[in-house]
């Protein structure tokens, strides 16, 4: 059976008649064509498919698209704003928080939602927050550092909203955007 | 142009990774991200039985489903001569069975449909009539005379595959007969699965007009696959293009050729449309190749003063239904004979017997060089067993028996020539870093109070960089590797290599090698790989071989360019090339620092202003055949605490001192070691694949196969010593797998150490809480 | 998995034996019974939903009666494949009269589950199978005793 | 992994839900978060023809203390529970349990009602709620009824839900002064099911336990209330000896089987270890924070 589903993904509307059984991750990847969200385990164990549904991290392979009809979805593709990387992206880059990159989008989406709740976390709190996201490459250490990097940067931005971290950020941009 | 070392970003710099730019934005291009016009989807029917005859396959209901275009069976493939394919170990393997299945979840048929969901529905509609046969799951039972035959297709009507041995049996036996002290343990290393977070898959696209087959594939070795494809199908090799796009982790699991790749290719040839096949996690866990399943009996002979003399090892290797291990051809058990480890031994003898069982193919790697983890685990456990028997400190026994730094190159008792090493220095560093003496004092105090803590050491020697063509080949293809460099007129370059990254950061590290050798900034160097139409022939990335082989080729190719550049420099500086020297990333007239040219100047000249006796251009290719393997090593110390009420083991500290020779990128090396340590801990404490008596795999998804999360993973404390490889062009050794190899025995040794006062001498991994608790209970040491 | 049990049934040996040879009656006791196709008196194909609660897979079993020794013994062999799983079972029943109106029924069942259900459901398989099989034979007693009441 | 096709409905009130359940009796399944059920559907071990999502039904997300009970609406997510100061302060055992259900992301969509109604013996809430003497409210077209959780949990994946009934809320009696509860789960890694887990609730009066609740997770066909252990400790001081004996009796109540989560006798032993630990924690909480 098909159902009309309308989603806003990264601020852009998408709508389609889709089978009821279409998984949210397949809506995002196949209907919206946003392939940054990955599928790793199929059983809600690994978190590679994590996106934000109305700001809340969700494993998009364990939701049907119809369940989220009308929702605001955020994926990795929406993190960069106006050519500026999100602090979490910058953190993963600076701290070598990724290797094969497959778990990275889900890991970042989880971390962003976590940092909104807890802007100044301990390492243990970060480990707890990302415990629904499996990474096979990094051993998690650099991911924890990456999230701490982002936390610092987000706190700094909060404290001085108008002064973008000039030199370091620019250098990073030059390096990353290629 | 800069000649500032930091701006160049050559050897030893923690250059941030080039590949991150796309991954951080969700712009990576993994297999499932590839969508070609008109693409079809394939899904696979799999056997519920571990062993059964196939009486019939009825595809009519599936074919009646709108959107299903084809159902491919073994009979279809058989007609094309493709029902069987060769494995990388010179065995053969079913692509699709014609009359019988030999392991649970084996591919039985494939459904091709217009959509992924329809293909899945089609799979459920294919009716297969099976006649169950008794399976043989235990490799010891497989060798009994009345055991069910796994492979009646073979000439030899037995489940025994091969026998392989190494070392001097007579001398070893003699030393054992005369030994003052011997120790013996049975060690089982269970089946485990690499479980990269991306599963395997491909998009096969056959162009009927050109007759060219392009396959985008999750493979760690695209060139080898192309050659195998050509040999199997008869399609000329230039009409086959294998592209390995971004790979979401490999760890050895993406080396073999899986039936799905071949069936999808046939499906594309049949339909004339691109066909995508992506495994789900259960398929990946149940049917892709496995590591280990080694049943080892090890004995160590020594003098009463702790001097180790001889090692004797007998092993049964369960390879499942097909011998699909990716080993160098001459080594059926891989590099298992590195088993003498970091120690001087007068003699050793190692025997391995390969056995067929009704399980999927075993014997691939789990982030380790061919069978090295098994070898290291054995010797590192045996050294501890000896120390325990002699009531000596395990660190002291190691120090006493290490091959000494001045003994290199060292010929091991099984014939390997170790290139370099300094084992005492690494262990000393680890002991100081973790305060070994302090930990032993703490342990004694805690033991007196009834608390359980253990300290475990592993001082391993790896063997990587396969390998020298005189010894190493896969299906006859020598295991050299390659690099091609082209310097563009304006001073940037493209580097193409025969190895393939799966997260190791080749796009960055290989650019750094070239930056170092040519003095071009790393940001101006592009690294390309994974496409057999453009990359030079190479054997791929596994067994920590990329830096030792292709890395060496890259340095040598760059040096060829520098040799030519020197001539151009002489031309530009109007002196004889003999009067030009390479200093701080530029050429200068000897003794005249002011008169110099940069590589950028030279690159431009190579296309605009070259002397008449020189060809235009600035490029080079190198196929590097290493003279020997490299032998990275390390000293790991692990501290565990054990909960007496539950048997739970918690890693409190883990210090890893690694020596991989000269380092290209310290940041990336650290990352490789963190990941390796985590994948070493995983099988030590969590992961194992088991089968019930009917051959049903019991861990067929991530709910049951326990990959550690950030919560179970400790903070790794890493450090290094540097002992360059004397034969590698820039003294590197390879590092991707050292930690996976070195970590498990450190953890196992720590747990045994915590329980040693109860008389425990060995525990098989994974060390589950119930194994520990049972021991505590038996000895009245459990919390009551 | 091997299961066995005993039922004291307040019915004659003959009545029970007749019941056992009637595929419709036997199948009606199968947990999750959906439909039945009878190919021959001793060969039939019931479709049943095997599982508990919402966790269920639909199997069409191919059942063959075997070794029928009136009025004391009957056996059946069943086999079915579905959803990546397979079920194979052999069950036998032995009847011995206690009186004209009461019979002891000893039953044995050997069940092999293969594939997805065996892999995923291992932790619940044994207890679930035990319960369903016990229910199956318990149902015989209930149905046979009903008309007598 | 692709599930079978189904028809989806997201009704906006309970009567519509009942209608759908009646229309598709036996083929319909309630979706209350789906974090356990959707993986089963993807494995095709569950293939309901109709999926009735409760997300638009109002009144199922109450989380409040009212009339001497904590009311937990069936659609309250684990994350909501975990973050509720009320739950954390006054129903610490429920907080403990919600904090160890699966992993943090799953908890964002997993619901308490789903956790209880799925009736997987490995699910964490039922044992804790048994210890707390929770009741459940079932609403159907023929009216509403309340029953104890003991009566609700029938067997593995089986509950007392009849006909068109829906589990609408869980009611936990508010703890009297000097009460404490706790839940301890033994798991090998985050996201795994428990090897064993134990929930305990105690109320102290003059230093003795006036009320004791003990529930066991994943050591039987359903969550088990260790009644003999409860009875033993009731009226006794929670000293070392009585806690040990209670733990032993709780272990006796377990009906574990050997599986991937461990051998049966190990699980039984773990019930003993965990019961002792969780009781000490509950008593400590009762003593420390139970002044209300």
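We just call them A, B, C and D in the order they show up, numbering each chain from 1.
Quick note on the criterion: a residue touches a chain if its C-beta (ideal position, glycine included) is under 8 Å from a C-beta of that chain, and two chains touch if they have at least 3 such contacts.
Everything numeric in this text was worked out from a predicted model, so none of it was measured.
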Nearest-to-centre chain - CA centroid comparison: B
Greatest separation from chain A - chain, by CA centre: C
Comparison of C-D and A-D (more C-beta pairs in contact): A-D
Chain A and chain D: spacing of chain centres that average the CA atoms, whole Å: 31
Chain A and chain C: spacing of chain centres that average the CA atoms, whole Å: 52
Chain C and chain D, separation of their C-alpha mean positions in angstrom: 34
Gap in Å, rounded to a whole number, between the CA centres of chain B and chain A: 30
Residues of chain D touching at least two other chains: 1-2, 4-5, 39, 43-44, 103, 190-191, 193, 260
Residues of chain C whose C-beta touches two or more other chains: 83-84, 116, 120, 122
Interface hub residues of chain B, defined as touching at least two other chains: 116-117, 124, 280-282, 698-699, 701, 703-704, 707, 709, 711
Arrangement of touching chains [line / ring / star / complete / other]: other
Complete list of chain pairs which touch one another: A-B, A-D, B-C, B-D, C-D
Touching residues (chain side chain D, partner chain A) in the complex: 1-8, 10, 31, 34-35, 38-39, 41-43, 51, 53, 55, 79, 102-106, 108-109, 190-191
Residue ranges of chain B in contact with chain D within the complex: 116-117, 120-121, 124, 280-282, 645-648, 686, 698-699, 701, 703-704, 706-709, 711-712, 768-770, 773-774, 777, 782-784
Residues on chain D engaged by chain C in the complex (per definition of touch): 29, 37, 40, 43-48, 118-119, 122, 155-159, 193, 221, 257, 259-261
Residue numbers on chain C that touch chain D, as the complex places them: 51-58, 83-84, 116-117, 120-124, 126-128, 131
Parts of chain A lying in touch with chain B, wherever the complex brings them together: 19, 21-22, 26, 29, 34-43, 45-46, 48, 75-77, 79-80, 85, 89, 92-94, 96, 98-105, 108, 123, 126-128, 130-144, 175-178
